[in-house]
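Each chain carries a letter (A, B, C and D) given by its place in the written order, and its residues are counted from 1.
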């Protein structure tokens, strides 16, 4: 248990550093017989990759995916699915300024103290490039969920103080990818883009909120007591770099209402199979178990720690230094984080879908 | 993996329903040689138990703890520590009104659909009484952490809209238990108590926010990539009944600042061993690994779903019914949730402390 | 991972020492809806308990089982099934002779060195009394397997040099419990009983071999590469006290044959669903996966280490001492080990049955 | 839990099929700071590879190892160590004879039934080529053990009926690799080689026994109750293809002795730290925990199932067919299995070494 595996039955184990041979992983437990749509997976990678627009980092990476095992004649075989995206364009750069120095609000200091050694080139293991493996595995999880008609869709809800105030069911989520910031409301999207452009000019960065919505979940996913579906989703999201908060359903806003105002009243159906709730403050999960209503949650991303400004810091002797970032970085990570959020959510749902097969005799 | 175990090396597995024989658990992996202070553990249970004040439920439960194994002559032996708190006062009540009916925003519907059967008496496994096992195990984890000088302290920061606006380092957390609402600021505490009294009169319920602070954590706890310390803490908190949100460090407020404003600048020390950060927006964790600064996070609890008012709902045939709660319930769960939050945090810290022993050769 | 849990989806965690409060466990992951036949479970405990015949230890223990959770109106609910058998007849004995002294071929020395402390009363955690929890959980696993028509039957195949030479399919295994040594061939059973009586008179002990046969396993159980069904069964058996060897199918005898002699030829069927093999040297498992043929394996138990004779040993200072056993012990553990072997095999099969539900889409 | 991971803290997850892109794995949990001696690792692969002598298969495979992550400037960094050995010489062979047909005593039938699909080319995932990943990871585990002076040495003890009757402590294990059959006694080795040559001429195969000896284990490794060190070793060995039996210490021979004859008498020392036992029938493990004496065990390998003779079998419709093997196969797998056995033993020891760090406060 050294932190590089995720899931129980549908399990992903990842590897790789930003300037090593590549980023990859192994999915162990993907059921046999799943059609592996490689075009779809590559298209998910394209949503994550740098250089996709002028408001993301301008680094160019091709992110060519190679599957190494577990797929035969286009279908999963039940054996481990391994994959790698090679790191390219590895010029013999000079990273010596990072070797002994610790960037503020990065993982340099903590990795060095924990392990006594670190691959300091480009952030090493703590680089956001690690999420490539999450997106590949998440795409396969999405293919599995698709077989059950379950959808996982995320979008940018807030950038800095610019916020989309609509509820997810008032939005057309198919429009999320129609603009470069991945906000399904074009007017708000325009404001967000302008704001990011402004922040970028300042050599600064900005954070925001992504909302994720899961529809058509069967009733009964989630393992109480400790592996409630909401807890698993929270764990998945909080494991993404730069995430500072997670809330589900009514979230932190729940403090502003009384129980009588917040309870989700059940509406009758022709059978128990088609009851629903009048409101959905529970966020589709009650007692840690999905109730069939849409599951939705918000994730707060802090501004990227790497800024284009001089900052005071320390080196590995504890001495004061001044740092200045080099290279090309994201002024706002949220547009590229959308597929990562979806991927982690899909991994959770795929795992709990398989776990739920043991509920009953 | 059916959700009733927590942790990897310091692992708790729990059992019990609110109206079965009792609530208990097994701790597997507590290192040998720990002095088990039973008075302390019982005092932690007292902080959780119902009937402790007029703003909690008036049910009386004695919660007498029995250890069943793993302790010899007052010390842990390295073998499993099992324990049970027997359920008492089990009058042959009539619970038939719950048998076929589903209370709004409870787990009745989802348990029934997941398992096809449920112990409907008093909430069964989904009852908050389940947290007894967490508090017992958490108390033992606290004893382990105490050996390393690590403290875990939670307090009520907000009830409804009444909020304590101070930062944790401006507060004297030793005063948390000096009032019945467990808020370390007596003035705010008074307001909170009045508010809960008012809500109770209305037959309604109210939620709020608990903050938890962990001090003296060694640098290096947390297992990137997927088991970041913040993710594990979030998972632990979101697994508590009624929790709707979790945020660490700057939390959701991070969206209101630019990177240049939010980065935690390292302050030099005489050696790398005593550097610190000027601000602590990271919440004591960077790259998923503790950096030695205080770890602090907020947890949002929704209002208790059981209210003393009539509510529309459905039965297990999907037909409309009207429900009315019986018995004595908490108008606000937060004062009693403080030791539960601390317990879950302590379990996480104990586990990651042991895991960190494998970091280096 | 401190060694007191067994299984992944159908998971048992146990606790208890021979002279503590009792022995018990928690089964997490038993599917909901299983009828829990308590008479059957208690009858399985009776097969394990001491004092059942003149060739076992004469200690009397009642082994009264109490279920603590997870069962409602006679059926499993999907929540953890906890149980305890209280230790009785705990006279304030004098165990001081064991406190500082290490019995040969027992776990006294290793527990003390590993943990720095041990409950020395009657063997503590290393006592064979710990197997009570295995038998209770194994009985529930058997009830689950019974729903799928899968049977698990063990019998004593050898005691000392007295050996039953027949193949399991030449035996009527329903006769196993018709004699006190649990050998289904009455003539051999008589010889075994006489031999144990003779050994007992000498104040000595004797080992032997148990064979276990699992019938009606569905094809497809077992998780290659590392969790082959045979490996899981071996692991289960080697975790029983006093076991020194495990072999499946042709076992160690495989060295005496050539490939052409040992291969199991497939016999045609009307469809692939009813093919079988001419021989069954594979022991019902090929490539780590059950093939539908009977699964059978042998387990070697060494003679019980506690003998009624003086033995040289050391104390916890490393000094030479002389030890003499007190109390009443088993001259041969095999008759009582039969239900333990069956229980561990049933736990493995139940777990892999649930795991196999994720094989395909 | 789909069977492709091994270990808890020092954890290996593997992937790959014999005719896919390659064979590889990820080691998660290797402590930071270990010097990764790539020459040693490659030399271990050379001990496993085909074509190394005239008594192994004549296939030529180069087995060039590439590390993909987790190593920086020659040392482990604490992050996942991923690696791959590419499959070479993949001529577009005709494997259609295996597509619909099931070889006797292979995994063809069971894989197809379990998953509904299989990569039939050269055995796919069930190919012995999978063990490459075990050997790479095992070599790294050996490097870790070497830091603690722990050695793991295996040798061929028996081929067919030709048996080395000496105890391991009468042998010079440094001579194991001095002959092609890997038996440290040259005379017996010569007989074994002649026997394999004879078997090969017959187009047949032969099995045998490997013994493995672990020296200098610290006292205290092993996690009772269910994860006894002997059980973990047994599990590791039984997960190797073609293994039919495992015995430790006195093993199956224990049935031939009385307790008084088999008990290992402790010999006094100047302190408890240097006591030893007169005999070592326990095989270095008591109560599931290492006692500091040499750990030794035997593993029985059946003859390779692929023979150069016609065999009757069935196809995937259940119809009778006749099969004839093509290609070049091992007449006896034991010489090449020696490094595999050592590797699995080393993985177990490395994992339990790390686990033991949590024994005490």
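The working rule: contacts are C-beta pairs under 8 Å (C-beta built on N, C-alpha and C of every residue); 3 or more make two chains touch, one makes a residue touch a chain.
Model, not experiment: these values are computed from the prediction.
Separation of chain B from chain D in touch steps, taking the shortest path, is 1. Most remote from chain D, judged by the distance between CA-atom centroids, is B. At the interface between chain B and chain C, over half of the residue numbers involved are used by both copies, so each side presents largely the same positions. Averaged C-alpha coordinates put the centre of chain C at 26 Å from the centre of chain D. In this assembly, the C-alpha centroid of chain A lies 39 Å from the C-alpha centroid of chain D.
In chain B, the residues that touch at least two other chains are 1-5, 8-9, 14, 29, 32-33, 78-79, 114-116, 125, 224, 355, 358-360. On chain D, the positions that touch chain A within their shared complex are 1-5, 8-9, 11, 13-17, 20-22, 24-26, 28-29, 32-33, 66-70, 72, 75, 77-82, 84, 114-119, 124-125. On the side of chain B, the complex with chain A involves touching residues 1-6, 8-9, 14, 102, 104-107, 109-111, 113-116, 125-126, 130, 158-161, 199, 202, 204-209, 219-220, 222-228, 230-239, 241, 243-252, 254-260, 262-275, 277, 281-283, 285-291, 298, 300-307, 309, 311-314, 316-320, 355-356, 358-360. Residues 1, 8-9, 29, 31-34, 78-79, 144, 147, 224, 354-355, 357-361 of chain D are the ones that touch chain B when the two sit in their complex.
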